[in-house]
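Below you'll find a set of structures to go through.
Each of the two complexes below includes chain A, the first together with chain B, the second together with chain C.
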Partner chain A sequence: MTQKFPTVGRRSFLAGLAASTALPLIAMPGKLWAQEPRAGGTLRTPAWPAPSVLNSAISTAGPETFLGPKMFDGLLAYDFGMVAKPQLATDWQMSDDGLRITFNLREGVTWHDGEPFTAHDVAFTFMEVLKVHHGRGRTTFGDLLAVETPDDLTAIFVLETPNPAMMRALDSRESPILPAHIYEGTDILDNPANTAPIGTGPFKLAEYEIGSYVVLVKNPDYWEEGYPLLDRMVIQYVPDSATRAAMLESGQADAVFLNMIPAQDIVRLDEQPDFTMDTRGFEGMPSAQQMDFNLDNPILANVMVRHAIAHAIDPEWITQNVWYGLGTAGKTPLHVDQVEYYTTEGVPEYPYDLDRANELLDEAGYPRGDNGTRFELMLDPSPWGTESITASAYVREQLRQVGIDVTVRTQDFGVFVTTVWTDRAHDLVLYTVNLGVDPTIGTQRFYWSESYRPGSAFTNGAHYMNPEVDALLEAAQVETDPQARRDQYAEFQRIVMRDLPVMPITNIHGANIASTRVHDHTVDALGVLGGFTRLWIEE
Partner chain B sequence: MSTSGHSVFRRLLRHPSGLVGLLIIALVVLMSASAGFIFPEGPWVLGGRPRTWPGVDPAFPLGTDALGRDMVAALFYGARVSLAVGAAAALVSLVIGTLVGAIAGYYGGWLDDVLMRLTDAMQTIPSFLAAIAIVGVVGASLSTIIIAIAVVSWPMIARLVRADFLRLRTYDFVQSCKIIGMSDLRIIFGQILPNCLAPIIVSSSVLVATAIITEASLAFLGLGDPNVMSWGTILSTGRPELRSGWYMTAFPAVALVLTVLALNLIGDALNDVLNPRLKERKS
Partner chain C sequence: MTTPAPSLPEQTPQTGPRKVPSRAMLRYILRRLSQAILVMLLVVIGSFFLIKMAPGDFVDTLAGTSDLTAEQMANLRARYGLDQPVPVQLMYYIARLATLDLGYSPFNNAPVLDILVKRWPVTAILVVTSVSISMVVGTLLGVMAARFSGKPVDLGISILMLLFYATPNFIIAVILILIFSIKMNVFPIAGFATIASGYTGWEYIRDVAWHLAMPVTALCTFFIAIYGRIGRAAMLEVLTLDYIRTARGKGLTERRVIYVHALRNALLPLVTMAGLQVSALVGGAVLIETIFGLNGMGRTAFDAVFQRDTNLLLGVLFVSSLSVVVVNFIIDLLYMVLDPRVEIK
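Up next, the complex of A and B:
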């Protein structure tokens, strides 16, 4: 078992080792006892919000992306580090110019209704569904001209320009393959199969009570011999996070995934012997907290002011105290989980130093006034979750120490988005965001001059315009040579951290907390957003 | 009713619950007045280790909150904001309520109808929900919160004042004022209003208490002004820590309970002191 553990706590690391049968049994506390996987059993997990459909091809919302991969498969799956591995495609080749990708498909796969799975399903899904109806698919597969199907087990993607980011978006969560025989010729968004899914995945839908619960049962005809191990999965929709925590604590639930209980409860439960936290498997959705400077503000347009503010704020402090240590202090525009491209080599740093901040502000031409204040700024924290609002209290106090009078403005989510990205009435904005499985998908939008689009939320809100950065981003978009692409993103990180239009605060680590009886919910990069084929429960 | 302010105060001190209430409020006022001297750096300094329990670090006798701010400093500054919000909101709703009630009660007729239907309409809206809606839409700032509280609490005063005005306007002294040609304005504010001050004063102490609670509840729900340290702000930063650090919510909660209790005690005592019938019974 050669797994990468990019962000594991000590205990889950040991638990992972213990679970691997490669290690001899050694005396360890009960929590870490190694056991053989067991088939059978039911997994009970509370979640919120409830899904609107049960199909992650037409909805990118959280509940759907959790449920979809249990019932549907993708062409590929990804090991830790986003290394592609086979799922419905057994192998694949890219042409030298990067414009044709041939997927050889798995033989003998059937849909839940018994129909055979063929290349036609793949072509239909990408061309008619993902390209048209998927929130991110419109961009990700924008260059996909056609999917050719020379025979039933071969699908050839024909691209207009090389698209390396697409190769990271072919999993069951992002691009589930739908049955053409059910969807073809129907109104896809209105198809009854959206709430009664027919997939090729490891589980089948057994019961669905809208807004209340979903019951999935094992697909006995799953193509992977001997899997899934679980018999049943019950997902109950519980709106109150304190109740979800209590359900786990009292044994009414076996696991709570995807940070569905507050960080401080996750940390508290992890300290108890009966529960284990796992922060792996969030590479498909690396989230980060960051703070944009509105460069249209003449004070913030001065790069020395931005550097001074960066020196006055300690991202490590926010990571430890606002995120309860479930994160890494931000050092570059990328997320540490974007393993392939993340680098701090040669990237400017702004260590916490109030004296340096004061010096820079003096040099920048903003001396302290009579009341000790240099200038005033408005800070808009995102009301999504509580962390940005909590962190804004820290930012406000730190900036007061260097003579910047910050007013925090808390608003309803809709008003917040309009204030910042439509009216552009902000100076500083502190928010959390998904940086994307590939920098092209989630990160580029904050730095690319063409994504300065007032009216469109979570775009280039800083109004950052740097032709050098634009050139790098556009080159990396179509670069098929992995090393060249890494170099482009390394250079991008260095320039952006020098110009600092956005201050990275925290690379958030998602966390799952489960009873120690639950094993192997996270076995690859997709974590709990995968199919749960390996998950097993002790008796 | 010719009780002078001075003697009311003395009789309030002799009243057991009045005395207790006044003592507590005096303490709270003292806290808010001395906050600036004892903690010149303000309540926001991130001076300690976050989540230090009370009694662990002598520098922070009541511990620190989730961000490492001194709980004592927060409570002292919070007293200032909570009292100010309570008083300001009560004052605004007193002014609106008295004006509406006085005009409706004195003039009667269609004016009365219009104003009272408006009051009824306001009273049918659950006041806390209305406050949430106002703050949610306009945005959380101290002045919005004060106005939101005032807007939902004036109808009570208006009804009270109107009832007294309806009664008093038929009295002979009012009729004689009219006959000697006194202006309506002078009759309302110079003659009738002083005679119905007692119930207004009594209910205003309750009004302050309600306003303090409403502000704290709004802050608890995350609708407080993040730029001022009120007891509600402490509550809302302590709320996520309820399981791991209950003291962060317990201290501001105790402060709130005591202050509101004190205001209610004063209200009760004032009711006894200002009510002429009760006075006769006692003597």
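Up next, the complex of A and C:
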């Protein structure tokens, strides 16, 4: 039963959280005991929504990014902290000017159909597929001029400008390598292999029932000796999140990944001895809830009004009560997990203070009218998940207290996207978004003047134009010196939080919840969006 | 209890169905067919414009869940003809439909027909099983209530009916899951059959039955209540008729009077109801299909609306209206068998 509104009091919630994080050794010894990994077994996991295609090179939607890396490999993988490690590339060198990167490829890798994997596959994938058809490909690989292939096991990336973001986007989720011999010379979006994938990855497709389930089986010829451990994986598409929770609870499923059951169920099940929650492995895909101000609205164009609204809303309350503590209150446009660049130093803050909000609104020239209302605003919450809709009820009530009459307009996803990003008929829009592997890819689009593109969803919907910010973002795009890049993003965070075109609400902490019999689903930064080569299940 | 209803002539129900003249039958079938085609054409055109009136198309919804550049979006629109004016799109659609080509579902990356061939049986089995079970159980309960009218049995059944009638089926579904899956772990919660089980024959049938036990029960409760109440009312009415008095007068057992003489006439309103419900259930099973992770027609239509997957939605509506037309036709025939007074015109 999905509860729209939280019923767990904050006190009991916090007590429960403390018990589940601080005492596992005492209360639940089974959870942490090291055991010998076992080969074999089937992993059953419910998910939603169902995929359109079965690879993440031509679709960046959630279901595809979960399935793709099980069947495809990337050039690199990333350890916790986004430290690059070998996958299809065994080692790599960057030239001093950052414009040539040489990848030495793994020998003896074969595709699921038995053909050998070569540098030509790499060149083809980046130049013909990722640059053209990947949703973020144009941003990430826009300045990739060519991939040279002097021999079968060497691929040299030739860049127009240095591209630090690209080096963080070469894993199997973001840049899976596709087989050139299957795709070359065909209409890539129309290729039948899109739903019958041939990869080099640890699992092969066994059965695909559109919209219902996917069955993957172990690739016995996987290049990594002894892996994967699992024999089989069954991903069943179940639309109702309460049903997914019930499947896990009754033992009819082994794990539910990527927050696909309601936060209160994750927290509740984690308190039981049979289940364990893991919040690691989301640093490559930090997601956040935020609220855009439409700056084309003359009232919201006034920065004092935006500051007042920020003072009237307590992100901490939303984080605790809407996200059940699976998050951190947002303080900057970046996610707290983006440790390299995230900073609050010198960044303006807007502590929860209704009096201050009222003062600012008076000063801004919007006194309360006879009915106590200063002005009216329309708030569009994203219908993706329930959290934005729930949070908007809180926002509406908070703003009512400072004399702003907010109408919440809940629509279906297609209408929501069109209303906000095409028709621009919104005042406030509250939504959740993936902030990507690098600020260039995930954050820049909301603040860069050039990404004000009506018709494209999740772009600069605020219509924020600041040459200073543009300059910083463009410099960071090509900056190869880590310290200089950190400084640029620090400055960016300070300016953007001062101007506040977008109000950060919650840095979401992704969570996977699994039976304690399931081990090692998260072994590096890619988390459950990796290949599951190490995942094993107790008998 | 003794006033005869003037509308129904005294009769015994034992005459068999009258032989239907074949030419009249043929004309009847042709007329029904042309009506059906008209109905389905109206359904398709109506829903086509309805879905086109909603803002946003499938490219917008796709762009909302994955990142797409403006150029990629334009390419997709051109690929699926979404850049054409709506009337032109409709013409293309109807022209294709005339050749029984239901088009392509861009969201699922598969022809609509391939998808519906898998999903229609799920709903068909769910609905036919539910309607059959509720009709038998509901009718029996209704007959019992009528037979013991005013006695504790009647009261008990009436209270049960009211409970079934008033409880939404999704609540019953959740209660069933709590008891039979989470607590007792007897029934599988989601899906139509065990995935990749390799079951065949009876093993497979048993597996499907196990999977459908809870969804069918949840769907049934409401309809059992409907059939029970209608059955009780119809029986009470029929039991007042003269031919029943005659039957009793002949010295037949009460059991025979009730189940052979009275029930047959009382069945007519129930059969009408069944026809209506099959139609309603095709769409009304959405919630149950959602909760139990069954990929049927209702669920498919629901998702297609939100994904702006026009072809898939129209395909569902087309196949559903076809099913409804066929079911109604069968009901009409069944009527003739049950009640020889009914003639085709």
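Assume the second predicted complex is superposed on the first by the 511 of 539 C-alpha atoms of A that agree within 3 Å, B and C clash if a C-alpha of one lies under 4 Å from a C-alpha of the other, contacts with A are read in each partner's own complex, and residues count from 1 in each chain.
Note that a contact is a pair of C-beta atoms (placed from the backbone, for glycine too) under 8 Å apart; a residue touches a chain by one contact, two chains touch by 3 or more.
Just so you know, these numbers come straight off a predicted model, no measurement behind them.
Trainee: Of the two partner chains, chain B (first) and chain C (second), which one does A:Thr418 touch, if any: first, second, both, or neither?
Mentor: second
Trainee: Once the shared chain is lined up, is A:Arg136 touching chain B (first), chain C (second), both, or neither of them?
Mentor: After superposition on chain A, A:Arg136 lies in contact with chain C alone.
Trainee: Between chain B (first) and chain C (second), which, if any, makes contact with A:Pro262: first, second, both or neither?
Mentor: A:Pro262 sits against chain B, while chain C stays out of touch.
Trainee: Compare chain B and chain C by how many residues of chain A each one touches, and report the one with more.
Mentor: When the residues of chain A touched by each partner are counted, C comes out ahead.
Trainee: Touch check for A:Thr390: first (chain B), second (chain C), both, or neither?
Mentor: Once the two structures are laid over each other on A, A:Thr390 reaches chain B alone.
Trainee: Once chain A of both complexes is superposed, is A:Ile495 in touch with chain B (first), chain C (second), both, or neither?
Mentor: Neither: A:Ile495 stays clear of chain B and chain C.
Trainee: According to the stated criteria, A:Thr407 is in contact with first (chain B), second (chain C), both, or neither; which is it?
Mentor: First partner only, chain B.
Trainee: With both complexes overlaid on chain A, does A:Val478 touch chain B (first), chain C (second), both or neither?
Mentor: neither
Trainee: According to the stated criteria, A:Ser59 is in contact with first (chain B), second (chain C), both, or neither; which is it?
Mentor: Touch status of A:Ser59: second partner only.
Trainee: Under the contact definition given at the top, report the residues of chain A touching chain B in one complex and chain C in the other.
Mentor: Chain A residues touching both partners: 412, 415.
Trainee: Which of the residues in chain C come into contact with chain A in the complex?
Mentor: 54-58, 60-70, 72-73, 79, 106-110, 114-115, 118, 174, 177-178, 181-182, 185, 188-192, 195-196, 290-293, 295, 299-300, 303, 305-308
Trainee: Taking the touch rule as given, give the residues of chain A at its contact with chain C in the complex, in rising order.
Mentor: My answer: residues 1, 46, 49-50, 52-53, 59-62, 64, 133, 135-136, 138, 189, 194-195, 206-207, 209-213, 215, 232, 234, 236-240, 242-244, 246-247, 249-252, 384, 412-419, 422-423, 453, 455-458.
Trainee: Help me check something: in the complex, which residues belonging to chain A touch chain B?
Mentor: So the residues of chain A in touch with chain B come to 262, 264-265, 268, 321-322, 381, 383, 386, 389-390, 392-394, 396-398, 400, 407-412, 415.
Trainee: Touching residues of chain B toward chain A in the complex: what are they?
Mentor: 44-46, 50, 66-68, 136-137, 139-140, 222-223, 226-227, 237, 240-241, 243-244
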